[in-house]
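A, B, C and D are the chain letters, set down in written order, and residue numbers restart from 1 in every chain.
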Amino acid sequence: MSDKKINVAMIGQGFMGRSHSNAWSQVNKFFDPPINSVLHTVYGMAAEKPNIFAEKWGWLHSSTDWESLVKSPEVGLVDIVTPNFMHSPPAKAAVAAGKPCSCEKPISATLTEAREMAEAAAKSKVDTFVWFVYRRAPAVAFAHQLVKQGAIGEIRHIRAVYLQDWADESVPFAWRFKKELAGSGSHGDLNAHIVDMTRFVAGLEIDTVCGAVAETFVKKRKIIEQDSGGGIVTDEKMRYMKEDAGSAKLGDVTVDDAVLFLVKYNNGAVGSYEAARQATGNQNYNGFEINGTKGSIKFNFEDMNHLQFYDATRPREIQGWTTIMCTHGGSHPYVANYWPDAHLIGYEHGFTSMAYDILLKLAGKTPTVPLPDFNDAYQTQRVLEAALVAANEKRWVKLDEIK
Amino acid sequence: MSDKKINVAMIGQGFMGRSHSNAWSQVNKFFDPPINSVLHTVYGMAAEKPNIFAEKWGWLHSSTDWESLVKSPEVGLVDIVTPNFMHSPPAKAAVAAGKPCSCEKPISATLTEAREMAEAAAKSKVDTFVWFVYRRAPAVAFAHQLVKQGAIGEIRHIRAVYLQDWADESVPFAWRFKKELAGSGSHGDLNAHIVDMTRFVAGLEIDTVCGAVAETFVKKRKIIEQDSGGGIVTDEKMRYMKEDAGSAKLGDVTVDDAVLFLVKYNNGAVGSYEAARQATGNQNYNGFEINGTKGSIKFNFEDMNHLQFYDATRPREIQGWTTIMCTHGGSHPYVANYWPDAHLIGYEHGFTSMAYDILLKLAGKTPTVPLPDFNDAYQTQRVLEAALVAANEKRWVKLDEIK
Amino acid sequence: MSDKKINVAMIGQGFMGRSHSNAWSQVNKFFDPPINSVLHTVYGMAAEKPNIFAEKWGWLHSSTDWESLVKSPEVGLVDIVTPNFMHSPPAKAAVAAGKPCSCEKPISATLTEAREMAEAAAKSKVDTFVWFVYRRAPAVAFAHQLVKQGAIGEIRHIRAVYLQDWADESVPFAWRFKKELAGSGSHGDLNAHIVDMTRFVAGLEIDTVCGAVAETFVKKRKIIEQDSGGGIVTDEKMRYMKEDAGSAKLGDVTVDDAVLFLVKYNNGAVGSYEAARQATGNQNYNGFEINGTKGSIKFNFEDMNHLQFYDATRPREIQGWTTIMCTHGGSHPYVANYWPDAHLIGYEHGFTSMAYDILLKLAGKTPTVPLPDFNDAYQTQRVLEAALVAANEKRWVKLDEIK
Amino acid sequence: MSDKKINVAMIGQGFMGRSHSNAWSQVNKFFDPPINSVLHTVYGMAAEKPNIFAEKWGWLHSSTDWESLVKSPEVGLVDIVTPNFMHSPPAKAAVAAGKPCSCEKPISATLTEAREMAEAAAKSKVDTFVWFVYRRAPAVAFAHQLVKQGAIGEIRHIRAVYLQDWADESVPFAWRFKKELAGSGSHGDLNAHIVDMTRFVAGLEIDTVCGAVAETFVKKRKIIEQDSGGGIVTDEKMRYMKEDAGSAKLGDVTVDDAVLFLVKYNNGAVGSYEAARQATGNQNYNGFEINGTKGSIKFNFEDMNHLQFYDATRPREIQGWTTIMCTHGGSHPYVANYWPDAHLIGYEHGFTSMAYDILLKLAGKTPTVPLPDFNDAYQTQRVLEAALVAANEKRWVKLDEIK
C-alpha cells in the first residue's frame, strides 16, 4: 500500500454521495493506487445533517460551509455531487483555488455554466474530471478498445438510447421536474450519458443535429406534503411515493419527458439518440449499437457485464453476434481488481474504477481508459443544446452554431 | 373443399413470383378458402422464359403480353410482382378493367403513381390489396390485437427499424441502386414496411416528420458483365456476386443506403424510423418497439415466431418482458392452419395467410386481420415522401403538406 | 426439371400425412431433384376417408388396402406415417417386396420389431430411411458439419433434452397414453429424436447408460366420448380437448411422462438425456449442448433457425457464445433452395429437404448430410431400451447387453 | 446506527477472505444491522503474512494462532474461510467454545466431518451458518418466495447445473486437484451449491439418487515451480498460470472433473444435477430450472440479476417466459439496501446481505430469507455422498442409506 494520501472533500451527499463515498473507500482495498484516498470531509446543508452521513460512510469530518471547504489547504481534491444547478459554484471555486475537481454529470444546468467551467479549468490547468462512470463498465471500456483497434472498421451507424420508465402519472412533483433546478429532464439526465458514451466508444464527434423532437407527456404533477427535514424530495422518495389522495395542488412540469434527435458525425456516419422516462419495460436501458464496415458492437446497461460483438471478418457461415462476458481478469479492463473470472460486478464498481483512475492521474500517470474532463462535458452539453435548438426551431443545427 | 374457383394472373416472376406462386398453391391445402385459387397464367418478358417458370411452379399458362392478360375475361384477380417502377401500369389497367388487384410493395416508384393508383381504385370500387405481408406474421397480427384491446394503454413511444447488411462495397451495381428503376433505396424497400407495420399495429397516423437524414455511403459501384438472358441482374445474383477483377466500369448509385426520420403521431406520441442496408450484423432486422402507459411490445423479424410483451398492470415484482411464442393454434392468428402448437413457421407463410384473406375478401367476408389496400399504401408513400422532403429541406414537414 | 419420376405410396395420413404430402409436393418446386416425386396413392382406413385427404393434398389415388399397395408395381417408394405400432407390418412388407421404404420415427413400438426391420432391410438391400427430420434443420445440419471439421475439438459433454408441456391433467386419455399403441410415452416420442440428433451431430455412440429414471405423473386420465369416425382420438383433438364434465370413466396411463438417463460415450465423454411432457414453459424445447476441448455448440428447436457456437480458439477477450442465424444460402445447408438470406424457414422444411435427399439417394447420389436408415433407428431404439432397463433394474446398463 | 458491536475473527484469508472482509465492512454502511460487525482479527499462517492482509482490508489485528483466537473472550463470531480440509478443526473448536460460527462451503472435505460438525452444533446450541451465498442473490431469494407462495404449483421437474470451463489441460496441478486437500473436485465445489440452492428454492428433499457418473478427463497435470512464500498455489495463480516448458513433473489428479446424477424427490418429482469444469463456454453457469403444474422458474448466475418466470395461469395467448429484472427496491429482497431500482448488483453483494442476516440472527431476529446452518450443509453433503456411492456402485442409492 502506498503511503501517499490525498484528502477528498465531497460537496453534497444524497444517492450520489453514497456512490462516491463507497468508491473513495473501496478503491484502496481493491486497487493499489499510487496515492490513497482519505475520506476527509463531507459537506451538506445543516438540515441534511452531514455529520450523520459522515459517521455512516466513514468521513472523518463534516461541514456545512462549502465555500471555506473548497479552499481549505488540507483538501487535495474537491468532489461535487450536488444537484445539477449547484455544480458550477463550488467547481469554479475549487478550480480557482487550484484544486483538482471531480464533478457529477451533467456538469451544469446551463450551457453557459458548462462553458465557463471548461474555460476556468483550461485557465487554471488543474486536473478536472466528470463522472461519466459508464465509460468504466468493463464492457464499455472494452468496446472503446475494440473500436480503437479497428475491429469494426469504419463506422457507418450509431443508435443510442437511454430509456427509463419510472415517470408515469403517479409520480409526484419534485426537483427533477423543474427546469430551474434540474436544467432539463431526460435530456440532461439521460442523453448526456449516451452522448458521452458514444463519443468515447466511437471516437467520433457530432457535426450536425439533423432534426430533434422533445415532448412532455405529463404536464402537471401532484405536489405532495414535504418532509420536515429541509423540504427536499429526494430521488428515492420520489420514485416510491405515490399520489396522496388528500393533495390537490398541482405543479407545472417544465422539463421534457423525452428528447429524440438525429445526427451526422464528422466521418459521414449517421446516428440517432433518444432519452425517455416513460418507455415502459425499460428500467435502465442505457444502450448503444454501432455498425462499422468490418463489424458491430451492442451494449445495454441492464446487462452491463456483457458486450455484443459481430465480427464480419470471420468466415461467413460462422458470423453472428457474440455475447462476450466481460469478466476476464486477464484481458478485460478493471476486472482483475475485483473477483475471479466470471463473477459479475455491478453499478457501483464504475465509481470505484473511476476513483482509481483519478488517483492515477493525480499521481501523474495516464489511465488506460481515457478520463472525461470539464471540456469533454462541455462538448457533450453543446450537443444537447444543439438538439434543443433543433427541436425548438424545427430545423437542422450545425454544431458550429453552438458555443 | 369449396367448388368455387378464381383464376389468378400473376404479372412478373423473380423472387416475389416464387413467393406468390407458393402462396396461391398452398392456400388451398392449408386453409379451406370459400373460393379456391387457380394458378392460371404467369406473365414474363420473353427473355425471362415464363413458360419454364410456369412449369416449375404449377401455372397452367404463361404469357408475354400483360396488357391483354389483365383484361382477359378468364382472369379473376391480377397479382403484380414486377419491379417497383412497373407496378403502376398493370395495376391501373387491371382496376380500369374492373378486376380486383393485389400488388407488391411499395406500390410505386413515385408518390404521384401511388396517388393515381389509390384514386383509380376508389373510383372503380374493386378490391385492391398490397402485399405488406409482415402484418400476417402471427406475432405481428397478435401484437395488433393486443394493442387494439388496450393491453398497452395509451401509446407514448414507437421505435421502428428495418436493418440489413448486404450492401457493402463489394456488391456490384444493379437495378436496386438506380433511382429510375427502384424509386428509392432502403427507404422504399425497408421503411415502407415499418411504416405500414407500425400504422397497423399501433393504429396511429403520423402527423409530422420532425427531421430526417438520408445517406448514401457507397456512391459508386462496379458494373459487372450482364448475363445473356435479358440483361437483368436479379436480386439473388446481386447478393452473391462479388467484384469482378476485370471490370473497371463504375455506376453512380442514385438511391439512399440509409434513411432515418423522427415523427409525432396524431395522439401526441413520438417515434423514430430507420432503414439501412449496411447495418452490419443485422441481416433482416425488421423490428419495432411500442411503449404505452400500461405496457409495451417488441418484435423483430429475425425471430419472427416470438413477440415480446411487457405488462405493466401485473404486480410489480413479477413484471418483465415476456417472450410469447406465437404458435398456439387455439389463440394466435393463422397458426391453427399450419402445424401443431409450437412448430415454427417461416417467411413464406405470411404470403399464404394473406392469400387466404384475399380469397375471403373476394368472397365478401371480412378477414380478422385487416388487409392493406391501395389507399393504405398511398398513405405510407406520403410518409416516405414527407421524410424525403424533411431530409432535403432540413426541416420539419407536416403530413398535410404532402398530397 | 428432371423427366424421371417416382411414384410414392403413403401409408397413413393424420398430422404426419400432411407433413409428408407437403414435402413430396414442395420438393419438386424448391429443389431440382434428379427424380421427381409423384404423389401417387395415399392409404387410410375406410373410416378415415382417404379419398378426401387425397383430394385436399393432391394425391392422384387413395386406397384402403395397404397390403396390395406396398406390392404394386406402380409404386416406387413406400412412405409410412401410421401410429408407431403400425410401422412394422407395412415396412417389412415393402422391404420384402424390394421397395425402398421411408418410415416415421420411432420406427417401431418394440425393440424386437426395430431389429427385425433393420435385419430385413439389410437382407433385401433396398434403401431405407427414417424421418428423423431435425437432422435437416439447417442449424442442426451445420452443427454436424462444424463438429466433423473439428471446430469444437474432442467432445467431453453432451446435454440433450426434449421438453414439452402439453400433457397436464386436463388432457384426456388417447392412444398416446397406451403402451400397446404408442410403445412408450415421452421416451419413444421425444428421447428418440434427441438420441438420433446427438448421434448425428456428435458422431459418437453411447457405450453405457449410467442410471435412468422414468416417471408417470398423471396415472389416470378421463376417457372422453369418441367421435363417430372410427373412434380414434387424433393428436390435434387430444391437445385441444379439455375435460368433459359429464364423463366419469378413467383410463390407466401405461406410458411414461418423463424419462431421464445418463450416459458414457465410446470416447469417454459423459452425457444426459431427458424427455418430458409436463415441463411447463417448454412447448417444443428440443435441444442439445455439446462441449468440446476447443469449443461448444448449442441448439433448441424453439429457435430453430439459430445455432449457438462458442469458439475457444479465438483470442480470450472476444470469446463468447455466437448466435449464428443459419440462413445464409452461400454456406448453410438447404437454405439456398428456399428464400433469400435471412428469411426464416420453419418446421415443414425439414421434411421437404429430407424428401430431396431421399430422391438423391434413390438416384444413386450421396446427399451432403447423412440420411438415417432402419439400422440407425434400430441403434437409437437400443439406447432407449437400455435406458428402460436401467430405470427398471436401478443400475447401469452396457449397450452390449441390448440386442 | 446501532451502538451494539460484535467482534469477528476470520480464520483464513485468500479469495474468500477478501469476499468476507468486504462483507463485514460493507454491511454496516448499506444496512442498519441491530449489531454492527467489527473486523477484529484475521488469522493466517505466518508465511501468508496476515498482518499485510489486515492492513489492506481493515482488520484491527492479525494472528497466526487460530486455536487461541477461536477461544478468545473478545471474539463474538468465528468466520471460517480456509481450504475445505481445514474447516472442521476451527469450526468444532469454536462451537465447543460456545461461539457462533459461520463457515465456507462445502463445510468439510468428508461426510464424517460434516456429520460431526452438525452434531457439535446441535449439542452446543450456538448459531451456525454456512456461506451458501447464492441463496441471497435477489433473483434466487425471490424465486424461493415465489415457489413458497405456490406460484408454480406442484413441482414435477428440477434441472440444476453448475458448469465452468477453467480446467483445461493447460491448467497446472494445485490443491484443488488433490483429494486429501479438496475433498472432491467439481462435486464438492459446484454440486454443493446447486444441491443447496435447489433445496432452498424448491423446498424439497432428495429421496433417492437414481444413477450417477463421475469422470476425470485430465488425469495428470504438470507440477509447476512453487513460489517461495509458503509453497501454496492459490486459486488465482492457478487459473492464469500456463504450462512451464521446463517442467516435466506430473501430478496425479485424484478428484473428479465432472459429476452428474439423477434424483427423485420426496414429492415424486424427478431431477438432474451436473457439475463440470470443462464445459467450454460456461464460465460460471450456476443455474436451475424448476417446472411445476402452474408455472416454472429458471435462473443462471451468469445473468444473476434476472429471473425467468413462466406463469401458466395467465391466459394462454400471453403465456411465455418473463424475464424479471430483480432490482426493484420495493419488492425484491435486499435490493433497497443498495442502489436505486434497476442498478445492477454483483457477486459480492450476496456476502454482504448474508452478513446482515447473520447479524440479525445473532440479535435474536429471524431473517426473511432462511439461513443455512451446519445441519443444512450436512444434508447437502449426504446427497453428494449418495451420488458418489451411486457412481461407484453403478446403482440407485436411497438417501436413508447415507448417514
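Everything below uses one rule, namely that a contact is a pair of C-beta atoms (placed from the backbone, for glycine too) under 8 Å apart; a residue touches a chain by one contact, two chains touch by 3 or more.
Since the structure is predicted, the reported quantities are computational estimates derived from the model, not experimental observations.
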For this session: Just tell me the minimum hop count from chain B to chain D, counting one hop per pair of touching chains.
Result: 1
Exercise. What is the chain whose Cα centre is as far as it gets from that of chain B?
Worked result: D
Exercise. In whole angstrom, what separates the CA-based centres of chain C and chain D?
Worked result: 42
Problem set entry | Centre-of-Cα separation between chain D and chain A, whole angstrom | 35
Exercise. Chain B: which residues touch two or more other chains?
Worked result: 321, 325, 330
Exercise. Inside the complex, what are the residues of chain B that reach chain D?
Worked result: 142, 146, 309, 311, 315-325, 328, 330-332
Exercise. Quick one: in the complex, what on chain C touches chain D?
Worked result: 152, 156-157, 159, 161, 165, 168-169, 210-213, 215, 217, 258, 260-264, 268, 270, 272, 274, 276, 278-282, 291-296, 298, 310, 312, 321, 390-391, 394-396
Exercise. Okay, in this complex, where on chain A does chain D touch?
Worked result: 1, 15, 19, 21-22, 29, 55-58, 164, 166, 235-236, 239-240, 283-284, 301-304, 325, 327, 329-330, 338-349
